[in-house]
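Working notes, structure below.
Letters are used for the chains, namely A, B, C and D, taken in the order the chains are written, and counting of residues starts over at 1 for each.
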Amino acid sequence: MDVLYFAWVRERIGLPREKVDADVATVMDLVEVLRAREDRYDAAFSDLSALRVAVDQQLADFDAPLAGVREVAFFPPMTGG
Amino acid sequence: MDVLYFAWVRERIGLPREKVDADVATVMDLVEVLRAREDRYDAAFSDLSALRVAVDQQLADFDAPLAGVREVAFFPPMTGG
Amino acid sequence: MRIAVQEGPFDLGAEADAFARGRCVSGAIVTFTGVVRDVAGGLKAMEIEHYPGMTETALTEIATEAERRWALEDCLIIHRHGTLAPGEMIMMVATAALHRKDAFEAAEYLMDYLKSRAPFWKREITGDGAEWVASRDEDEAALTRW
Amino acid sequence: MRIAVQEGPFDLGAEADAFARGRCVSGAIVTFTGVVRDVAGGLKAMEIEHYPGMTETALTEIATEAERRWALEDCLIIHRHGTLAPGEMIMMVATAALHRKDAFEAAEYLMDYLKSRAPFWKREITGDGAEWVASRDEDEAALTRW
């Protein structure tokens, strides 16, 4: 699936999007897979309360299932308006 | 002093303004003097709860004093905006 | 602060542009525009009577009180009188503030007071004749909020 | 309903005019405009990042919910992204309704949701560097009102 990063999450991880092929059931599983990769991922995901997630472009929780999902995005709380 | 009428009060009394020289202490005294004049005044002032009053262009109560006042206006509740 | 009481039309776009132009402190600009509505159909015109002299004083006092209660950078009131057709703009207010809450609340305050405390009276002209618009209890009740 | 997500500027006056033009049912039109503010001084630019695709979806959902909750004749959201200078307009919303209460509440609802539920992220560029604007607890708290 496509994994996207925005704002300081993008900066900390160092790229805006990547393809991730992993056998993960939930967003939280995906987070664990990413954190295990490298320090920059581990740092980006160190405080999940500072992060928001969207699954197929809809805001979701970290326990949201990923079956059939094409796109997951991680970002800080939004500051629109 | 000048006495002004607006909206349906103006229509019922039949004129927009007039000079009234009367020895009146309060707005209520002025109302009594006017009501005693003619039926059209009596009709216009028959329900004071449907009327508002301004003394020298400031909203006031019917017991407001008239000493030194130059202008009194009677009108229905305002419908601006 | 700018207060305008006028018979002729105003240009919402030009007024909004002029009010908003070059603001670097205010992050929030709210406008409210009132339009002559013809809900039932059959409205030919809306006549607005006012009390020259008191109108300007009342609007200035209302705007001054809004600037006292909220942290506004600026505010604007334009109100027309005379004969208006359905769809014409009757009035507008605009507020500029650092925060959106102040701008919104001040604009609502201006509108609530304009409705019941500024000396305007509306009359609707239809094919059946002319009728003064009655004040609404809910407009009076709205003032208790402030 | 119109939703626009764009990099270029918009013309508040022209948008407000077009939105308001010819309304005979709506008596009440509210606009809110957000401006890049430089309160402390020294702001060089505001950069706004967004999530193409999700942004449009989120704004449409927010506007649709507003139209479901209030009796709106129409609503408009314009939001920019990219690099903006202090004083530039970031976004606007507009609402048209029969009654002013609906128009005001719907505009405030749109703003509250835009602040915390639309995928935009602001970064301030000053002489000292760049800093992501932190979300404010009071913006999140504002959602509990609805």
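The working rule: contacts are C-beta pairs under 8 Å (C-beta built on N, C-alpha and C of every residue); 3 or more make two chains touch, one makes a residue touch a chain.
This one's a predicted model, so the numbers in the text were calculated from it and none came from an experiment.
Excluding subunit D while holding all other chains in their positions yields the touching groups A | B, C. One finds 23 Å separating the Cα centroids of subunit C and subunit D. Once the centre of each chain is set as its mean CA position, subunit A and subunit C turn out to be 48 Å apart. Subunit A and subunit D have Cα centroids lying 26 Å from one another. Residue positions of subunit A with contacts to 2 or more other chains are 81.
Contact of a single residue of subunit D with at least two other chains is seen at positions 34, 100, 111. Inter-chain contacts, as defined above, occur between A-D, B-C, C-D. Those residues of subunit B that touch subunit C in the complex are listed here as 4, 6-8, 54, 57-59, 73, 75-81.
Residues 11-17, 20, 22-39, 86-87, 89, 98, 100, 103-104, 107-108, 111 of subunit C are the ones that touch subunit D when the two sit in their complex. In the complex of the two chains, the subunit C residues touching subunit B come out as 34, 49, 51, 53-54, 57-58, 79, 90-91, 111, 114-123, 132-135, 140.
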